[in-house]
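Note sheet for the following structure.
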Amino acid sequence: MTTAAALAPLERDLATTGNRAWRRFRRHRLALFGIVAIVLMVLASIVGPWLIPFDQLKIDIRHRFAPPPWGGHLFGTDQLGRDLLVRLLMAGRISLAIGFLAMIVSTAFGTLVGITAGYYGGAIRIVLMRFVDAMLCFPSIFLLLILAAFIQPSVTTITLIIAATSWMEVARVVEAQVRSLRERDFILAAEMIGAPGRYVMFRELLPNAIGPIVVAATLTVARAVLMEAYVSFLGYGIQAPMASWGNMLNNAQQYLGSAPWLAIFPGLMITLSVASFNFVGDGLRDALDARFDVK
Amino acid sequence: MANFLLGRLLQSLVLLLIVSIIGFAVLHLAPGGPLSQFALVPGLSKEDLARIAHEMGLDRPLPVQYWEWLTRLVGGDWGRSYRDNQPVLAVIAGRLPATLELMGAAILISVFVGIWIGVMGAIRSYSLFDMLATVGAMVALSIPTFWFGLIVIYAFSVNLGWLPPGNRMTVGGDGSFLDYLHHLIAPALVLALVEVAIWSRYMRASMLDVINQDFIRTARAKGLPERTVLWHHALRNALLPMIALAGVEIPTLLGGALVTETVFTWPGMGRLLLDSLGYRDYPVIMGILMFSALLALLGNLLADIFAATADPRIRLT
Amino acid sequence: MSEDRRNETIPLLTSRRRLLALGASAGALAWAGPKMGWIPAAEAATPPSKPTGQAVIGLSQEPTVFMPLLAHIEVDEGVYFNLFSPLWRVDEKGEFQPDLVAEVPTLENGGISADGLEWHLKLNDKAKWHDGTPFTADDVKFNIELIQNPKFLAGRRSGIDLIQDIKILGPSELTFKLKSPYAPLPSIISWTFLVPKHLLEKAADFNKPEAFLANPVGTGAFKWVERVPGDHITLAASDAYHGKGPYLEKLIFKYVPDLTVLYTQFQTGDVDYIGIQGITPDHYEEAKSLADRVVTPVPQPFIENIAFNLGNPIFQDAAVREALYLAMDKQSIIEQIYYGLPSPTESFLPRQSWAFNPDLPKHAFDQEKARKLLDDAGWKPGADGVREKDGKRLEFTNSTTAGNHVREQAQQLLQQTWGDIGARMTIKNLPPAVMWGDYWNLSQFDTTMVGIDFMVGPDPDATQYFASTGIVAKGGAGNNTTQYANPDVDKLLADGAATVDIEKRKAAYVKMQELTRKDLPFLPIFQYAMVQGVKGKLEGFTPNVNVQENCWNACTWFWAS
């Protein structure tokens, strides 16, 4: 009998848990709103720019600061006369991509650290978790800024910097979860029948810790989008002419009085996307009944 | 208790050591350096630059530099700012009151407002108020602080003229308490927004937990007025976990203060960090890092001690 | 942040070269435009009999170095002008006015010998340090020797390092000799603020005179009160000032790091005067309409330009540089992005300089001509539209300080107009400490967008920037980061520096401007103008193109009653 077959009943059990979770999630109206908003934003960012008859980079210096909806520019034009709507959507690609990528990197890394620490315990756990604690001592914005101030900004570097400052929560959550699962029967069973450590970690422990990981990951996207905005606001963000919501906001603040729409739209987009991810994360948490906090 | 404290202190020291190594490595391995501010000074030859670098200790191997920095730190010497030649501790101490004032005001607002919203939300859970509070908190957590700050300035300072657009006090003014307060309102509210959201969420959860416990039912069964049950018995117990939160929230609050300070030209630590980053003022940056880590650890420790002394069920071992 | 050149602290370090607008006051007035009408009105009001009131000076950078001889940035000079004194100062007309001397030495009054080598100074015997100690010839000698001390981290040494044989003839009289004649010396002295010997000779480390930095003592119209780091510096009227004024009781330098916020505070009245980077161009129109505020564009000697790295093979082709210049929409940059405030230029010198060459060929935006030029030079468009020649693609980066929004807009416009002719430019902006470090000094960039004051003090000598000996990347000493090497230019620069005959000097620099215009080691865009604002009732403010900071005469500011 293979290990997998021995554990099949448990997996079935997990599947029903999943169904129940989905039912609970569906009842969570805010989370549904969040899902819809995220899907719409992603779709609009991907498809939208093709449907708009303006190029995001086409500068029309004589028509800068055209208020919406001047000459077909539904959201007006920016400080170089570019269509704001198309830039907002293109910026969405960048900001959301940074959000998702940073989430993937930080979740993967955090999970790895958490699972290793939780599974092996002992000295490994102490070293890894002390490192996590150390990283959490810094206000993340301090760490973020220090890194950003020294590294040439690009989508890759910003993503990595954000990931580098957001993996710790995941690691903590996963470590706690794994540590509690570690002593459960099915893990002990797997170990008893001689499953290698790697197998236990990634085939047994990981699937069972997936709930909290998904919740943490969702919240990390929200955080990453916000962090990109902060870094850009403080002047260390994405390079022109590429647009991100953060750098659009950064560029717009000096025109807050004369062209407020330049600041209002990207600010709203950030708030909407971050709130959506937070809603979804919250809904997922309720659905999976994972007991940990919004942070 | 003493053992617990000692253990925690040792742990904290190890953490600080790790923090300092990370910080030091990141700062010194990155391109650019404090010399760039002198590089274009006419009349400074390459030899002059080399001498400045030597004086700053930048020409030695990194581990040596770190070791020297660390030994001096242990001896109480946090180094000197490259920028204005003042001792780092004095530089930080000069900025600390402003940041503490802002953080203190924000904590006061968030504790009172947050707790009230949280309790009300828990008492009338799933009411309209609760729903609005929940959505409101989530949105507040999602608004970029600086954007909110800019809009507050735009609305209340530029358009309405009710509040000053920044600064800690009227420049060259009489420095009266009212003047400070007037300047404090907007930044404190902006900084408190996120904290109110966090506090109300935690408070609601904590209160809900408590309300469903036996002793509350007992109290009700004894016929105590609902008011007394909720605001006396329940709240007191629900507040316990919140004490820990106050300690844990310190890094978040400090980070928020940095952004708020930037928007409101508040002369605190956040601004100091930004300015120091621009100048690559390593000693000050390291000082701020160590200081904020120290503050965070202290917050955690205090939170633990408070929680333990307040709740006999938690044993300090 | 939102401001223009806030992060550019490093290039500003070079700005201690300023122009001396000899006889150019008319030009300065014309620059100021219709708003200059307020100056006669100011002269009509009379200052109070004793110091009254206070003025809040809003600065977007923070003064931090209070020992004026140490390396510092231009914002520090605003404090120096009021706390310390030079031997003489330069007024808005470009004339020297005695300060710590009784009389400015000249050839005419015999203070300077005919060969320019022997100087005789008579000091103002009324001058006292703020602690009551009299100012004497010993102090002057101490300052000169400190600047010359190789261990001292002097902010500027050029000129002063030529002084030798200092002889003290009495408490208020001294003489010295120069190793060689040096025309810019009077201008350099006009910005050399003297520090007290009796306090600094005791300092353990003159590079870090802690006690002095914390509580500086000068001879200026205002004395030190306090500094609240990151916020403000307060000075109070000195009752023992040897010159005119002061009329204000307190002078406060308020640091507001964000130009937009600074402007808002000017609008709301928290700040009485906006200095250093002034009001951002986009707020100029609005600022002019503010009640009770006087807003004045003040010309600056900075020349905004695209600096090429001539070490890069594609820029060694003169046709490429010429074509890129033709494809620059200079007018849109100036009119639209900078709201028409700066003036287009073809030279590296500001138009107020006596050596300025007004007859250089005018730039025209002509993409057709640019394309033809590149075609003829063998740069053929490749499959993706980017031109190529001998396997090299016409592809390069352009860098400046990250976070400089207005300049970033100009970069994007250039990107478009250059893209149109088949030159692909990528924006690569860097944090200031990276940008102005080795990346700039050792010519590691492709092209840079930068505002440079090319002069040494008010003198048009641009040896640092254009002499082939100044290429640091090739082991030279200077700021020739474009790696420009032209033997004719080298010779003209040497000629210009060696003579004190102003006509000969002018001829050399006029010719040199023709050469840089032809060779285009940098593409000149415009000469900066900065919009400064003061409250209407604050009298006495006078823009002065010859100093680094327009608080230069705050000792004579006062509030009209």
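Lettered A, B and C in written order, each chain numbered from 1.
Heads up, the rule we're going with is that a contact is a pair of C-beta atoms (placed from the backbone, for glycine too) under 8 Å apart; a residue touches a chain by one contact, two chains touch by 3 or more.
None of these values were measured; they are calculated from a predicted model.
Participant: Give the label of the chain whose average Cα location is farthest from that of chain B.
Facilitator: C
Participant: A-C or B-C: which has the larger count of contacting C-beta pairs?
Facilitator: B-C
Participant: Suppose each chain is reduced to the average of its Cα coordinates; what separation in Å results between chain A and chain B?
Facilitator: Chain A and chain B have C-alpha centres separated by 23 Å.
Participant: Could you state the distance in Å from the CA-based centre of chain A to that of chain C?
Facilitator: So the centre of chain A lies 46 Å away from the centre of chain C.
Participant: Would you kindly tell me how far, in whole Å, the mean C-alpha position of chain C lies from that of chain B?
Facilitator: So the centroids are 39 Å from each other.
Participant: Multi-chain contacts only, two chains or more: what residues does chain C have there?
Facilitator: Answer for chain C, listing residues that touch two or more other chains: 1, 7, 430-431, 433-434.
Participant: Residues of chain A that contact two or more other chains, please.
Facilitator: In chain A, residues 149-150, 253, 256-257 touch at least two other chains, as defined above.
Participant: Check each residue of chain B and list the ones that touch at least two other chains.
Facilitator: Expected reply: 31-32, 158, 262, 274, 277-278.
Participant: For chain A, which residues are in contact with chain C within the complex?
Facilitator: 57-59, 61-62, 64, 79-80, 149-150, 152-153, 235-236, 239-241, 250-251, 253-258
Participant: Going by the contact rule set out above, which residues of chain C touch chain A in the complex?
Facilitator: Of all residues in chain C, those touching chain A are 1-3, 7, 259-260, 280, 282, 286, 329, 332, 336-337, 402-403, 405, 408-409, 411-413, 415-416, 427-431, 433-434.
Participant: Which chain B residues qualify as touching chain C in the complex?
Facilitator: My answer: residues 31-46, 48, 51-52, 55, 80, 83-86, 91, 94-95, 98, 153, 157-158, 161, 164-168, 170-172, 262-265, 267-268, 271-272, 274-275, 277-280.
Participant: In their shared complex, at which residues does chain A touch chain B?
Facilitator: Result: residues 30, 130-131, 133-142, 145-147, 149-151, 222, 226, 229-230, 233-234, 249, 253, 256-257, 260, 263, 267, 270-272, 274-275, 278-279, 282, 293-295 of chain A touch chain B.
Participant: In their shared complex, at which residues does chain C touch chain B?
Facilitator: It is residues 1, 7, 9-11, 13-14, 16-17, 54, 56, 62, 64-65, 71, 151, 153-158, 161, 207-208, 210, 213-214, 228-232, 234, 250, 252, 254-258, 261, 264-265, 267-268, 270-271, 430-441, 456, 464, 477, 479 of chain C that touch chain B.
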